[in-house]
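Multiple structures follow.
In what follows, chain A forms one complex with chain B and a second complex with chain C.
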Partner chain A sequence: MVVMFTLPYFVPIGVTRLLVMGAYLAIFAMSWDMMSGYTGYISFGHPFLIGVASYVTAILCYRGAFQPPHIILPLYITIPLGIAAAVGAGMLFFLPSMRVRGPYFSLISLAYMEILYRLIIVVRSDYTGGDRGLPNLPSVVTGAIPNYYLAFGLMFIIGMGLWFVTRSDVGIGLGAIRMDEDMVEASGIDTYKFKLFAFLLSAIVAGIGGAFYTHYLASLGPRRLFSTTFPFDIIIASVIGGMGTITGPIYGAFFLTIVLEYLRPYLFGQWRLFAYTLLALLVLIYKPKGLYGIAQDIRNYFSRIRRRKVSE
Partner chain B sequence: MTKLLEVQNITKKFGGLTALNRVSFHLEEGEVLGLIGPNGSGKTTLFNIIMGDLFPDYGKVFFKGDDISKLPPHQRVRKGIARTYQVPRPFKEMTVFEGVRVAALSPSIIGCLNREAMVHGPEIRKLLEEIGLVERLSMYPDELTMGDLRRVELARALVTKPRIVLLDEIFAGLTVAEIEEIDKLLKRKVKEEGLDFVIISHDLKALSPLVSRVMVINFGQLIAEGSFDQVINDEKVKEVYLG
Partner chain C sequence: MEQILIQGTLISGLYALMALGFTLIYGVGGVINLAHAGYVMVAGYMYYWATYILGLPVVIGFVIALSVSVGLAIFTYMAWVRRFLNNPTMVFVSTIIMALLLEHVMTLVFFRENVNIPPIVEGVTTFRGHFFSNNLIVGVIISWICIGGLLFFVRRTHIGRAIRALSMDRKGVMISGIDPGMINLIVWALSGVLAGVAGVFYGSYSHLSPNMWVSPLIMSFAIVIIGGLGSIEGTIIGAHIVGFMEAITVLGINERLRSLPGLVIMIVVLLIRPKGLFGR
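Let's turn to the complex of A and B:
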């Protein structure tokens, strides 16, 4: 904790910026984990939720030159509206698709992301900025260090909240749904209600992450937001960190961000993608609980040693 | 006597195959009903329809006089019907205790957030003790024998506090000693707690001391009904079973 609080004063500003990116990726990965890691409904279209929040908050506060006069709202109104929009859009579009399972759900979620991308380019590009996106957006706080605290604060609050939820009986119910949904239903539990709750939390977190991330970057580019690598970054961060653990995706996000950054000089373009997909595959095969699982093993190992010493 | 469970004219077709053809029966309070028939005769399909895992093409299911034909499975469980599955389906990454506890979770999200279980830990423990799983509490399903897996199924069904339990092949793959144990347990449940059972089984010997009535089903149709002795001496039943 102390290390995290004082870290930005010791490390160069580039590293601080990198950690901020890591924190936002962690937020997205936790959002994904809440929905997909716990219930087993694997979403390929998380940028859909993130995108709705980003665009709503960006359009409402944009002071650009090319759009017709419209109301410009301050950030403390636009960000909550963006989050609410993410939740609303999520309910409207994702919930019907929760009725199909397995790969069908994944494909539908991917389709939603693509549809949103096309809509943004085609419909009222005077508002959305079309393919070029929206530049020069206002920021919540300026400078690397305040942004570091903002991102880490959000990450902590979200992490604690989701941790509380998933360590309660809700987490047990959701985990059981991932293993055998019909069996949970046959145990007298309304699986739809549980999935809805998990989804709602996931959408809120994706909305928070999306809105704040957009204002951190101070610009919005649809090509980056809706590129197919973005949802896979989120998924791979969760997988490497450990699905269905909430804390795991935080480790995974930082691991991915930092390792990728330092690998940059050695591995170019597509090779980096190849490297981390391979890594995710290996993790899935050999250590399904990822970094979280490894951390647990280490903790168990030391507690066993301690116990042995005590018994001696 | 009042009808606890009533099934009226259930018809279910899978493509061109008629799995159940106008099946009607009822279960009265205090009864244990045996359901027998050759493989593929529609016994499990009938259970699926009573539980709501499948919806019939035609016909209705009543429980305590209420039409439950349109309710989803979890609501039927809350009303007091539970079942076990022919092939045990434990939660693979959960221990015996955790898996049974899933069936005891509070039905509301708020209840779950406050960790308000419907049936609490000590009570679940007592039930598992009664079923003979107390040494297996923290074991995972892949470490269990068939007998234990069937017991876990039974525990999961009983922890929902049912009024009727549908047991699908509860005796299959068990040793003689295990069958006797489960027979004894079920008898006690009937006598002391007044539970009713519908039991599918191929093992007529295990069934005979338990049931008060037996139904025989073949190609989706009821062909005989009556006391155990009546049914096994029935000409039609002999024909179906012995060819």
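Let's turn to the complex of A and C:
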């Protein structure tokens, strides 16, 4: 904790920026984990939720609301509106999950993302900025260190919140849905409510992350937001960290950002992407619980040693 | 009008080729192989490498492309999918990561720029005042030969019967003395062949780029969902619905909305009839 709070005063500013990116990736990965890691409804279109929140807040504070007078709204109104829009989008995500499962759901979510992208660049491109996106958005706080505290504060609060939720009965219910949804339904539990809860929570987190991230970057580009690498970065971060653990994706996100950055001198552009994708594949095949699982193994190992010493 | 017909037929044929691979694997193994679209992309690149960079004849280029995509399919199955057949989520996530991996490898080897494959067959044919390249026409013919061959294989041969039996009842197949692992392997190899042919023609129809696997993946998935997962006839019909919608959109409305109608149909089908038109 102390390390986390004082860190920006010791490390160079570039590292602080890196950590901020890591924190936002961690928020997105947690959001993904809440929806997909827990319930087993794998979402490939998470940027859809993030994109809805980003675009709503960006358009409202850049172009203004109510078309003729163009009232430019302040950030403390636009960001909540963006999050609310993400929650609405989360409902849209939830809708197909009532009918379809497994791979069908994943592909629908990918389709949502693709449809949103097409619509944004073609329909009303005067408003959304089309392919070029929106530049020069206002930021919440300026400077690397305030942004560090903002991102880490958000990550911390969200992480705590989700952690408590998943350690409660609801978390157990969601894990049970992943294992066998029919069985959960057969035991008289309404899976409906559980899924809705998980999806809305995930959408809220994605909305918060998306809105703040957009204002941190101070620009919005559809190519970057809706490129295929973005959802898969989120998924890979969760997979490396450990799916269905909430804390795992945080490890995964920081591991990914930091390792990627420090590999820069040794491996050129594409080689790094290749390396971390290969790593994710190997982790998934051999260690499905990811870094979280490895950390648990180490803890178990030490506790076993301690126990042996005590018994001797 | 003629243009929409011809264009629609070609795209439909290619989409059917790609989507059949998914359907086969799902029907038999109950898992979905998202790396399939990656094989399509790799096969396109292999053909380009063999014929354009090495200057080998077209037939050898074809053979190389096909053997690489079959090899990749068999590798994916043997390396880990075999062990996770009872965990579809795992296969799902791992194969999409495999597809990403293939994208990165191809970027490392061939760089990120778009590459145009020279047409496989030269020349154009004039029909009622419209020009159609012979390349497109040969593409249609070859994809239909492949589809016909597949239908014949699945319906008339001994192995085809075993494949259909495995998709119905795994235990029954084992009792009759057929090794499900072997049949699965054959199906994966078969889907690799389909991906290879589709890759060569898809590449020469549009262009090659390392991230070109995404849109065919989404489209062939939409097709499979519309037609019903696991149904070969449904897949072929779904491919035509999506292919013609796409041709109409591209030629009649706006080229940038290319993939939209297929996706919208997919969502509607899923919400109204989740099993698809011909699903079991």
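A few notes on this one:
Going forward, the second predicted complex is superposed on the first by the 299 of 312 C-alpha atoms of A that agree within 3 Å, B and C clash if a C-alpha of one lies under 4 Å from a C-alpha of the other, contacts with A are read in each partner's own complex, and residues count from 1 in each chain.
The rule is short, and it goes like this: a contact is a pair of C-beta atoms (placed from the backbone, for glycine too) under 8 Å apart; a residue touches a chain by one contact, two chains touch by 3 or more.
Fair warning: this is a prediction, and the values are worked out from it, not measured in the lab.
In the superposed model, A:114 makes contact with chain C only, not with chain B. Once chain A of one complex is fitted onto chain A of the other, the partner contacts of A:172 are limited to chain B, with no touch recorded for chain C. Once the two complexes are overlaid on the shared chain, A:102 sits against chain C while remaining clear of chain B. In the superposition on chain A, contact of A:218 is made with neither chain B nor chain C. Taking chain A as the reference, the larger set of touched residues comes from C, when chain B and chain C are compared. In the superposed model, A:193 makes contact with chain B only, not with chain C. Residue contacts after overlaying the shared chain place A:294 against neither chain B nor chain C. In the superposition on chain A, contact is made by A:180 with chain B only, not with chain C. Remark: chain A residues 40, 42, 44, 95-96, 99-100, 102-104, 106-108, 110-111, 114-115, 118, 121-122, 178, 228, 232, 235-236, 239, 270-271, 273-274, 277-278, 280-281, 284-285, 288 touch chain C in the complex. For chain B in complex with chain A, the touching residues are 51, 53, 72-75, 77-78, 82-83, 85, 89, 91-94, 98-99, 101-103, 105-107, 109, 111-117, 156, 160. The residues of chain C lying in touch with chain A in their complex are 32, 80, 88-90, 92-94, 96-98, 100-101, 104-105, 107-108, 211, 214, 218, 221-222, 225, 254, 256-257, 259-260, 263-264, 266-267, 270-271, 274.
Residues of chain A that touch chain B in their complex: 164-165, 168-170, 172-173, 175-176, 179-180, 182-191, 193-194, 197.
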